[in-house]
Structures are given as structure tokens and as C-alpha cells.
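Worksheet for the structure shown next.
By written order: A, B, C and D. Residues from 1 in each chain.
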Amino acid sequence: MTLVDNENVKDIKIGFIGGGSRYWAQDFMCDLAKANNISGKVYLYDIDKHAAKCNETIGNGIRNHYENADNFDYIAVDTYEEALSGADAVVISILPGTFDEMEVDVHAAEEYGIVQSVGDTTGIGGIIRALRTLPMFFEFGEQIKKYCPDAFVINYTNPMALCTGALYKVFPEIKCFGCCHEVFSSQSLLKKILEEKLGLTDIKREDIKINVIGVNHFTWITEAYYHNIDLFPLYREYCLEHIEKGVPITYEITELNKHFVHNEKVKMDLFLRFGFMAAAGDRHLAEFCPRSWYLKDKETVENYGFALTPVSWRKSHLVERLEKRDRLLSGEEIFEMKETGEEGVRQLSALFGLDDFVTNVNLPNMGQIPNLPLGAIVETNARFSAGSVRPVFAGNIPKELKALIDKTVDIQELIMEAAYERDLDKAFIAFISEEQNTLDLKQSRELFDKMIEGTKEYLKDYFK
Amino acid sequence: MTLVDNENVKDIKIGFIGGGSRYWAQDFMCDLAKANNISGKVYLYDIDKHAAKCNETIGNGIRNHYENADNFDYIAVDTYEEALSGADAVVISILPGTFDEMEVDVHAAEEYGIVQSVGDTTGIGGIIRALRTLPMFFEFGEQIKKYCPDAFVINYTNPMALCTGALYKVFPEIKCFGCCHEVFSSQSLLKKILEEKLGLTDIKREDIKINVIGVNHFTWITEAYYHNIDLFPLYREYCLEHIEKGVPITYEITELNKHFVHNEKVKMDLFLRFGFMAAAGDRHLAEFCPRSWYLKDKETVENYGFALTPVSWRKSHLVERLEKRDRLLSGEEIFEMKETGEEGVRQLSALFGLDDFVTNVNLPNMGQIPNLPLGAIVETNARFSAGSVRPVFAGNIPKELKALIDKTVDIQELIMEAAYERDLDKAFIAFISEEQNTLDLKQSRELFDKMIEGTKEYLKDYFK
Amino acid sequence: MTLVDNENVKDIKIGFIGGGSRYWAQDFMCDLAKANNISGKVYLYDIDKHAAKCNETIGNGIRNHYENADNFDYIAVDTYEEALSGADAVVISILPGTFDEMEVDVHAAEEYGIVQSVGDTTGIGGIIRALRTLPMFFEFGEQIKKYCPDAFVINYTNPMALCTGALYKVFPEIKCFGCCHEVFSSQSLLKKILEEKLGLTDIKREDIKINVIGVNHFTWITEAYYHNIDLFPLYREYCLEHIEKGVPITYEITELNKHFVHNEKVKMDLFLRFGFMAAAGDRHLAEFCPRSWYLKDKETVENYGFALTPVSWRKSHLVERLEKRDRLLSGEEIFEMKETGEEGVRQLSALFGLDDFVTNVNLPNMGQIPNLPLGAIVETNARFSAGSVRPVFAGNIPKELKALIDKTVDIQELIMEAAYERDLDKAFIAFISEEQNTLDLKQSRELFDKMIEGTKEYLKDYFK
Amino acid sequence: MTLVDNENVKDIKIGFIGGGSRYWAQDFMCDLAKANNISGKVYLYDIDKHAAKCNETIGNGIRNHYENADNFDYIAVDTYEEALSGADAVVISILPGTFDEMEVDVHAAEEYGIVQSVGDTTGIGGIIRALRTLPMFFEFGEQIKKYCPDAFVINYTNPMALCTGALYKVFPEIKCFGCCHEVFSSQSLLKKILEEKLGLTDIKREDIKINVIGVNHFTWITEAYYHNIDLFPLYREYCLEHIEKGVPITYEITELNKHFVHNEKVKMDLFLRFGFMAAAGDRHLAEFCPRSWYLKDKETVENYGFALTPVSWRKSHLVERLEKRDRLLSGEEIFEMKETGEEGVRQLSALFGLDDFVTNVNLPNMGQIPNLPLGAIVETNARFSAGSVRPVFAGNIPKELKALIDKTVDIQELIMEAAYERDLDKAFIAFISEEQNTLDLKQSRELFDKMIEGTKEYLKDYFK
């Protein structure tokens, strides 16, 4: 950056770590192309340079099809230095390892009767994924400290809380926040209920005002209003009506979405039980609760109406994504401008002084949740404005939810230490402390060893 | 309240304690009349019932002169019960005692060489004023707890931090915040500098984005931006240019304003010294610093270009205000709609779900300033939105400012305890600990006794 | 109290709530009789007045058989007022409900495959027990506040942390601490190891210097020394040698002790796993860990070498106790003076100014364990000295142990709230959050309802 | 270290920084010689190697005159490495700069009417002394981290709190505590009062049980007992009797002690005013209070009956000390074994596992005083036992004392930052914030510049 003529910021430099991303990068490019008051250059860095090159081509091609979409240039680079030196903002979105490692994360425990719906954030799979991911983030943090200590940094990678925390661990002054759109779907559900029950129309998701509290993917809404309408009594009514059959699925179930389907029964069950609205998708929520509640076995999962996402699907879907990429590169297919539902570009604009708004985001706890440990990465509302993102006071975790959320945070802190010290014994203590792990001590050891063995390609540091 | 048809809230009940207010009530009425999406009734309670009656007449007369200004009815009432029962909001703006007591607060110490510029918040005068005011606020808090525990409560009375704190002391669940416009003038100064130095125009005060931190009247700005322009380097330049002669006074100095004049030399001196922008007027700021800095004697005051506000002026000005009131009542003068510069009505609208914005306000410290005591009434930004006002994380008080701010907070906590326990010995410890009190122990005792004697009409509880 | 002639305190008044106690009262009387520098009166209050009367007779009879054992008189009384008015110290040791209720606590879950080793502190049984016990302690707290607010109060009742917390909940200024001898046995184990491994002799338990941290019955030792010998390396060696077969049982296994037997395998397993020494008996420790570790089923329990204590045993043992009591009353048996291993009387002596020592005790967290919530009842070392017991800084709960200990504390806080508000829905949330409860949601509801039904005689308040 | 035969520790290595000390080293040697259960070697390091050599000779000579006084050998060394490598304990007692710098600290401000009684801890002199001392302690901390990170470290140097804090600043894991005997004299005063008023005899100072709270030299006793006698009512009575004339001086006033004389009037005045017992000598206490109270001018000082200690006296007394040293070296005078009143050696013995006791000491605030900042160096009781010194919970600073103590702590933290960053502008903010500095801003600048100039020999780092 960054000159301003009062309403525009130009010459912005963005470094993109994981710039070869096959999923999320295109959404980000789309949002950048639509943001007409900012312009600059995006430097794509990826260990898979070819993938970054492809995104360079795709990104630079957008302008050919859309008016005023030439505000950002894309450049694939070879080094952190090129990507980060003097960057105003950094975006991190990587896949740690390959889907082969993810297969171990998610499916190795099935032999012991343990099923996982996502396996990338918490539970048995989340721990193993964290072990290989965190050392990468320690490295990213060091590079950012070296090349662009003042840059704003957005992390999109899971396990969100731990990855974001890893950056702060090695560089406490980093200006990083973690973005996740899971909470938005709860606002959308409330909007839908308002429309159905009160016949209101033209409601915007953002106008559902909520207080957000928790850790990523186990976030909770403790207060929800539309203007002066308290939405919790309405939601309770709705839950009582739909807890048996779940929220009707109104969209077509396809090969693409069938492994992500859920009918909000877990979310509604949690509300009826605890009195607060869980704010992520059911597949995520289930993994933070005791195994016996929603993930006891496949039958229980089915009764609660949510899908398990097999990694085999991810693998076959990847093939499709690569084919699509080839079509984009060859010009056979045209880059699609769409509503991404992501807020990262708006957040950056606000930080550059062009907007001022409040949304939910992952940040170190500075006191926004007084009864969680300082420094733990928590998700609450925060104000984005010129020069800073600052959390809004969210209040205490309600006593009803405290045991589950504390356990999550505590295990995260232990995994962080295990990864930082490359100490698999500590990691094993985390592994046996997890709610999803109901194996006895002997079986736990066995499974842990298998999973480490199965992902060791990315755990070399731990064996030095 | 309070039905909503999506964009309007009606049937709002507001209880106004100090509803006979001769100053501030008219501004509030003016802002209410201009707020077209809210409507309801305002109940005016005052120990001076006649004054409340006058405001009832004035308030209800507004509609005769302005279109769409009939949204609020005013009713003077005899009891707390009538004013508060079922209120959605409460406004408190009182004068504790008369100007005779204030004369003691401000001028009794002059005999000992101590001059005070305001004398209503801190220092010798602030303490004595607090002793008679806090018991009133304990009473208000009890009444609110009894009649409208869920109401939003705005306090406008000084000493702001202590009065607001007194409400929380007796009713910790109260939804109260304290409003003060002092910070706005610092934004205006920055706006002026931007215009002068960069030739920008059409800047709105609210677009100067700041981080606010401190206690009322000793508030500090630690970060200021206009879009992506960092304003501190500009401000430093400006301070260096104007520290000698002060900011030129561009308005005419009249009988009305001459005792409030200040040319920002204290504010600029503090910036050059500490590196942070003090955010209240010089007359207030000086009182929080060691006496020897700005209030050593009248000559020092003069050199620093600010006025002392004598109570004699307040007394004579009161006569004018009463004459004006009579003219309004008789119809000789017409109620003037103006830009009040106050935000109370906008804040209430936001709490009722009709707006969503961030501004500075006085609230108990819940962690928004981690290195001040929890529960101390601090001033920072806060988000006003449907159903709640929540502080925005402001960060630590910088080490440079910590000693002065801590001392202020500590003495406030001691005064609170002294007032709560009606313990003049504790009050005396506060009195001798004050920065403005440089008397030796014997003289301190003498002066304290005189001031207590001179205001004892309002301190009867302390002598039971 | 209490005159002092420098080395003696006389005229002490002690109120004993649960003064009909058939177990613990005799130990306390024994220790009082041996304490020659204090004297006074003990007022025995019990809802079973007859039992109190019996203890009166037994207590007053001690002097007939032992020299200098006439320092305390025992008086059974009818009211709190008589027991507590002007008391210098209060002792609380009650059985909440009867063994029939305890049978429900401990055995009702067996039908669902859940076994419990003690069932009085944590887990399914601990929760149900707490629900009926805490309202009694709220009452005790109110009575103490009314009749002897300055008295030192010792609680001996389980669930220790919750009962002690209940007193603080209703009377935050109470000078109460909770006593438990479980930790001493860990010191004794270390002493034994020192003797075995280094051939040392004449070691006193108290000379094993330890740092104690945690919550009652899930207490941990993070540091242990004998003079300058660090005992952890020795203990590790010992654990490695004995983890297979457990510590050899050297005493005879009888009807009386067979249900309390344990061979320290759980304790040693926890040390080898976590690196810290768990400081309670295995039967207690197992209940705080995930069910699958040590309490998965009876076979697992057997493998880990500890006994489950059936309530049937308690019932039959009670018959023996009552027979013994009759023999004491009739003079057929003589009161036995013995080494009780309890420290309550020594603690009181110190508080009266006659001793000064450090030992472990249960107190509200004032910061002695920085990473547990303030106010939670925690067990650490504390200094007993004239006029006060003050915790010694124990340090943070190690990250490895944090998840399990936090969950315990969180569930305790939820149960406290449930009991205080007589809210069985909150209690159910605690019930399903427990490590020992691995039932699915439907079965959990069923079991909870049965247990409430089975103990409803003592839960009447909850159904008002 | 360190073999143990159960009651003895031998082969202890102690590194002594400032080992040429002319005052305090001899006391330490004396106490070591008397401690018959520890033995080893003391390595004396000093920038004045000759002085260290002299102490080597003196220390090794003790055994010639006293039986069993051969337990420690003394060796003067040239490097930190020799002194510290493998040390079990480190002692630091240095004079930062010479008495010429101290003359500037204490007397430069007299020209402006400011008198100082000690000038080494707080106030104008304390700040300037800290500026040259802290960089030395940053260096000591680094050396200890390098050569003996596990050693226990005792600091005896003033400004105590800041010097101890400087070690923690550069090496947070250091096991350091600061020792000061000022509090003992308050226990002795209470002992004396007990003897006078109650006719008791044979009271030991340590048997006056106190709760200690505050920062070094501005420490307070909030609770004092002898057995079960509450000493505060007695002390109040005594203060009322002696506040006019002070405590009678019963010893002969000599050249040696006349500049240290004080008759406890400041201490008693503070008690009558605040209700708590200030626990340092009057000369120190006065410096922490507003200048107008006790140090307004020489007349006020005289009225309050305490002496100002001129550096000229220190200089002339140094000559005598050196003469005495020469006599000791030549054998003309024999090393005197005496009651030193110091506890350092007993503390080390406890840490080595040979004792277990509670005394007051300076440590980082870990929560022992909840309402002071974590990490601030505070003085409270602590338990010394095998392997660790752990603070005993002292409670909150009373509200009455909070303002003065907070200001002290805040200014210390600012000075620490100024010294760490070698930033004289920050130091100047501390300088103008001090209670003893009542100069206006212009005069403050002038004086500060003079004092920096006058001590610049030891401030070279600040001008790089």
C-alpha cells in the first residue's frame, strides 16, 4: 500500500500461502475482483508451484470476462521472501499433507468402532492432523515475522484454532485472525424461521444480530435478535416442532453434497438440552460432544440425520476439481462470478480503512471470554475498522457448556505444546483425553501408533 | 415497548430522573423529536416537581412548531414508581445539591493556594461532590432494581465514573452506561488538522476512527485513523507547530463561553510528553495530573491557556437559563431544534434494534482494559446493537500513563467505599491522596473539615 | 475463647454439626483429649439427637480412663443456636441421607454396565449425592453466618469440594476449610520407597515435602523431596518395577478392609503416563478418569487391582459400629486412644496461635492455582498460623492434567448452580457431561430419572 | 551439591556477585560459619578484584578463631564463569557505581528544595540509581541463565524490587528472591510493646506472626498475632500514647547511627491514619508518601523525628570500614561472630531440605496479592522448604493503601521498561510522576538533565 484518495486504496500487496489452492483460492479471487475500491498484486506461494501457476493464469484471466475486474494481478512465486516481503496482507489456506494422510485421520479408527464425521478439527483425526500441520504454521509464523511483521494475516486452514494459535505461538505480535463461515448458516436458519413464522421478507443474514462465543466449529450463540425481536423463543418453538424429523431438506441431494448433508437435529437437540444455539454444522458439533451422544455408531449418526464425509469422496471430487481447473485454463470454461458467502475481502477493506463492521472471527482470547484462558484462540464477534480488528466482549461461557468447551481448549493447548516440542508422548495424552476416544488404554496406544505410522511422511520432525 | 413493524419501535417508556434539568433535558427532547422511528412516553421525575412540570410543558410543545415531532409525550410524575415501573429506558441527569455546595467544592481550597478548573470529577472538589452524590445514586440503583430491572439506563451526571459505578454497586445486573461527549472534541480537532494539512473536505467526526481508553475526563486515544491514514504523525507535527501559542481560537469569546475556553495546550503538551492523545478538554485533563504541572497557580494556568470556571458564573448563567425557560413556557421563544452533538438517543435506538454502531461510552471494566481492575468504570469504545451494549477490546493502559490512571481509579474505589459506608475517615484518606492536594497533613485536615461543614446540608447520612 | 497464658488456650467453644457421627466423631474426640494446651466445650448437634447423646456420653467418659483427658466437655444440644452461638470453631461431618440413598448413588447404574468404586465424590453417584447434600450445607452456612460468623469451620463431609463450596456460596466471608487425609497415604508410600530403596529409617510422613495441587480426591503431587533428595526419579523407578503386579499388600485382608483394598496400580499408571503423582487412593482416582481407562467393567477393575466398595458392606459394617457404640456406652468396651492420622485438632491449635505449620487442605482458589477459576474449592498446601489459614502458591495445573481437572471443576460448578437453584434440568446436563457416564442420551435420561426417584425422600425441595 | 546424610548437605557451591562487598559480605560469612549442617565453597566475583581477594582472606581466616567454622572455603575469581558454573546458589550484593553517583542521587535535588532521607529505592534518587543499576542486573541475569540456571539466587541490592525484577525480566525461570530485614524491626517493635504492656518476657521476634503485604521498603502488616492475642488494638493504644513524642530512643546516639535514627512517628502516624502497620523504617516510608506529608522540608522531617542520611557520612564511614578491613587482614583485629539478624543462610538451608519455615521475602507476584499486577516484585510471606520457595497468599492491598502502592509499582514498571530499552524519555516520565517530585515541568527537566549528567559515567549505554 497504499495511497488513498479518500475512498480507494491501491498498490496493496497480498501474499498467499497455499496459493495453489484448488478450492478456496477461486472464491477469494472472485471477491477481490468484485471489490472496486482496492487494487494491487497477489503473490501466490505454494509447495506445488505448478498449482500456483495455474491460479496465476486463472486469476489474471478474470478481467477478460468481467468489467472492472482488473484490479488485482496474480504472480506465482518461488519463495516466502517474494510472497511476503512488504506484504500488507497475508492469506493462508493450505492442505496439510495429502488426502492419503486425511484418510488415516478419518478412517483408521473405524476398525475400533469409532466413526468420525469430519475429522479435521477435533477428535482423533483432528489431533493427528494437528500434529503434522502445526510445524508448518510455526514456519509460516517465522516467515511472516521476518518479512512482513505488520501485515494483517487471515488464516483459513483447519484445525482453525490450533493453526491460528501456532502463528501467535512463534510470533505473538502477529496481526492474525481466523475466518470461518460456519456461524453464518445459523443466522440463515434463524432468518428462515423468521420468514416462516412471522411472514417477514427481505431479511439479510447480517441483520440477524447475534452474540457469538466459543471455539471454532464449537461456537455458540447466546443471544439473537432481529431488530427488537428476541429470536430464542421463536427458535425454541421451531426446535420442538422439528426435533423429530429434522429441518426438511429443500435442496436436491447430489453426489456433490450428499456427504455434507445434515438436517440440524444435532443443533436443535443441543438447544433443547442446553438453552443455547450451537452455531456450526451438525457434522462438526457432534465431534465435540461425548461420543455416546451423536457418534456412538453409524445407526446413531443416521438417527440424528447427518452424514459422515468419507475421504474417498474428497479424492474423487478432487479429480473433478482438477478437470474443472484444466477447463478454466484452456478457456473451455469461464470463471464464474458468484456470491461466495465469504467475508475475508470485506474484512481486509475495513482494516485498510474503507469499511467498519462487526462480524465473528477467531482471535486470541484477550478477555472477550473472561472464563477461558487468556491466549486461547476463541471465536467471538470483533470489530473490523481502520488499522485494527478488536474483539467485542462476549461474556462468560455459560456454566452448562463450560465442561465441554474447556476440555476442547485444554486439549488444544496440550497438542500445541506437543507439536511445539515435537513430543509424541504428550500428544498421546491428548489422544486418550479426547471425548471421541472411548477405547481402553491398550487399544488407544495401538490406534495411536498406527495413525502416527500411517502419516509419518509428514511427521519427520518428531523422530529426529 | 414495544411492537416492531420491522423498522419502528413504538410504545417506549422512558423514565427521566432529574427530569427538571434546565440544561441537558432540552437537548434530549430535541434528539427524541428528531428520531422518527421510535415513539412513546417520557416520565419526568425530579425532587423539584415544578421544574419537571416546566419540562413537561416545553417537551409537549415541540410538536406545535415542528413536523413529525409528536412522537414522544412528556409527563411529570411524583414518584419513582410512576417514572420507572415498566420503563424500557431510564435517563439520569441531576445536579447534586445546589451551586452553593459546588462553590465549596471548587473555591474553598483557594485560600490554600489551590485552584481548580472544573472541580466536579476529580481533585478536591470532585471528592466532596462525590460524597453527596453517591448516596443519591445508591438510591436510584435500588429504585431501578425494584421497578425496571431490565431497562437500559443512561447516566449523564458527574462524577461520571463514580455515579455509574454507584448504580452497579447496589445493582450489579443493571444495564447502565455513562455518556459523555468530551471525546468527540478530540475527533473534531483531528478532523480540523486533516482539513488544514491535507486539504480534505467533508469529513465527518465519526469517520475519525479511534481507540479510546481510560476513565471519564481522563480518556486517551491510542490509535487514530482516517481511512488508512495514521493520524498520529500528523498530530505530532501539528502539536510541534502549535505548542507555543496553542490552537488559535477562531470563535468569538463571549461572557457565555469565556470560562470554558482552552487552546489545547495541555492536550498537546501531554501528547508530546507521553505519545498518546488525551481526549478530554484541557480544563478536565489538568485536574488529573500532578498539581505542579498545569494547576500550580493562576499564572501556570494562564500560560497553559485554559480557563478556570468559577461557580459565580454558573450562578449568573442559571438566571439566564431560567429566563429562557420562562420565555419558552410563555411562548415568547420557540424551542430550537439543533445539532446537539449528543448520542444518547441514537444509542437507545440501537439497543432497541434499529441501529448498530460503535462509539465510546462508560461501562464497568469486563476486560476491555486488561490492566485496570475488573468492575472499575472505564471509558472505551463499545458496540451498541439489538439488546446489548458490549465493550470493544481496548487493550492495556500504556505503561507511561499507568501511574496517573491507576491513582485515579484507586481513589475512586476508595471514595465509593467511603460513600457506601458513610465513612468520612476513609474519605479523608482519599482527600490526602489526591494529586491536586499538596497541602501538609494538618492543613489537609483543616480544609477537609471546612468543606464537609460547608456542604453538610447534603451529607446528613454521614453524621447519623 | 479464650484466655491465653502464652502457651494455652482455654474456654474454647466448638460446635459439631453431625455430632451424632458414628465414625469420625470418635477420632476427633480422641485427638482433642490428647491436645493438652487447649480446653473447652464441644456442642453436639445432630438431626439424630439420640446419636448425639451417645457421643456426649462417650466423650465425657474418656476422662475416666486416661489422665489429663478431661480438657473437653461434650454436650448434646437441640438447636443450631445452642451449638453455634459464640462458637470459636465448628466441625461438620454428616451422612447426607441414609445408606439406602447411597445404594442408589453407587449401584443403580450397574444395570447399565457402569460400576463405581466409591460413588460419593464424582461420577454419577457423586452428582446425585451432591444434589441432596448441598441444600443441607446452604442451611449450615446460613446458620454459621447467623450465630458464629467469625468461627473457624472444618468440613469433613463428601463431596468435599462441593460441600465446602456450598458454605462459601451462601456466606462468602466464612473461615472454612475442608480436611481430607487421602494425600497422607501418598507421603507414606514415598516414605516406604525411601526406606526400601535407600535404607533410610525413622522418616516421618510430614518430612516428605510435597507440592499439592488439584481438587479433593483428584489431587496431585508435582514435586516431592526428602531433605534434598528429589523423590520423583526414585518413584519412577519404583513404578516401573511394580506396575505389573502392583505394590505388594503386606497387611491381612479382612472383611473390614477388603472393599477398600488397592495396590496402587492406578496411581502408578497415572504417574508413568502423566509424569505427576496422583495423591488419592486408586478407588477415588479411577472415578475422575475416562470410564474406559480403569472402570470400563469389573474385569478392568480387577486387572488394576482395586476394590469396588459396595454399600451392602457399609450397611453391615454399620451394624457392627452400633454394637461397638453400645459396648462403649455400657462400659463393656473402653474408648481407645490411638493415632488417628487426622490433623483437624492440630489445625485448630495453630489457628488459636499455638502452632504454625503447612499442610494440605481444601480452600477456595484465591490464586494458589492460577489456571483454575477463582473461587473453585481446590486442594493445595496452606499455612496454619495464629488467626488465619492461608494457601501456599501451588502453581498451574500442568497442561497434561488440565482437561480432566477442568472438567471436574466445571461439572462441580454446574452442580452447585443446579442445587442452588433446585434445577434438575441443569443437574441432568452435569449428569450427561460426566466421564463415567458413557450412556447415550436416552439411557442417560432413564437412569437419571430412576436415581432421582430412588432418592427423592431427600430431594423434596427440587419438586416444590 | 550435594550429598546428604539425612541431616547435612555438603559440597555446596555458592557464587557471590559483588563478592568484594565491604558491608554485607562479612555478615553472610558469619552466618555461613555458624551453619553446621552445610559446607562447601564460596566463589567471590567482583569488578574490584582486590576487594574480593580481601574477602577471600578474611573468610578463610574465620576458622582460625572459631571452632567448626571451617565449613566454607572462599575463592576470589576473575570471571562470571568461574563464579557461577554449576553453582547451587548465587548471592548478589553490589554497590552500583560509587558514592559520588549516590551523592547525585540523594543531594542534587536539594537545590530545588527537595530533601531525601535515603534516596536508594524510590523517589528522584531511586530512579536515577535504578537507571544505572538495572543494566548490570540484566547482565547478571544473562550470566546466571548461562552458567547456573537451576541455582537459587538471593538478591540483597537496592532498589530491591527493581533489581530482582530485572533478573526475572531477562530470565523468567530464574529461582531468585530478594531479602530485606526491614520488616523484622516492626516485629521487634511489637515484641517490645507486648513486653511493656503485658509484662510478657522471652518473646522471640519470629513468634510475632504477621501477614506481610506490599513492595519492598513500603511493606505493610495487615494482621499481627502473638499466640491468640491480636496485636493491633495494643499497637493502636501504643501509637496514641507515643504519637506526640515518638518512641523513646533507648540507645546512645553516635556518629555511626545518628543519620539512621528515627522514632517511629511516621510509622505510627501511618497506622493511625490508615489502620495498617507500615513495616519499614520511617526514612524509607516517608519517601513513598506525597512529599507534603513527611518530606516537605527539613523542618517537617525534624518534626517527624527521623534523620536524613547524607552521602558524606557514607563516604567517611567507608574510610573506617576500609581501615577495619585492613586490621582484619593484618590480624590486628579478629573477625567477630555476631547475631546478624539476616535470614539468607537459613533460607538456603531450607531450600537444600534442612529446614522448613515461613518468612517475608521479595518475589514476583504470582497471585499472592491479587490486586497487584502479576509479575510485579512484591513482598509477602513465603514458605521456604526443600526445593522451592513459594509465596503464601497475602490478600488484596487494602483500598486505603492502593493508590500509593499502585503508583509505586507502576513507576517501577515504567523504569524497568526505560532501562531495558535504554530510553531516557521514558525515564523522564517516571521522574515527573514521582510523589517526591513536586517541581513544575520545566524545573523537572532541568534537574533530570543535571542528574543524568552527574551520573553519566555509569549510563553510557543510554547514549549509544
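The definition used in the following text is that a contact is a pair of C-beta atoms (placed from the backbone, for glycine too) under 8 Å apart; a residue touches a chain by one contact, two chains touch by 3 or more.
None of these values were measured; they are calculated from a predicted model.
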Request  = Chains touching chain C and chain D alike, please list them.
outcome  = none
Most distant chain from chain D, judged by the mean position of its C-alpha atoms = A
Ask   = Roughly how far is chain B from chain C, going centre to centre by Cα mean, in whole Å?
value = 54
Query = Taking each chain's centre as the mean position of its Cα atoms, how many Å separate chain A from chain C?
reply = 45
Residues of chain D whose C-beta touches two or more other chains = none
Touching pairs - complete list by chain label = A-B, A-C, B-D, C-D
Query = Residues of chain D touching chain C in their complex?
reply = 1-2, 4, 6-7, 9, 200, 209, 211, 223, 225-230, 352-354, 356, 358, 366-368, 370, 381, 383, 385-388, 390-395
Remark   = Per the touch rule above, chain D residues touching chain B in the complex are 269, 273-274, 290-293, 296, 300, 371, 373, 399-400, 402-404, 406-407, 410-411, 413-414, 417, 426, 429, 432-433, 437-441
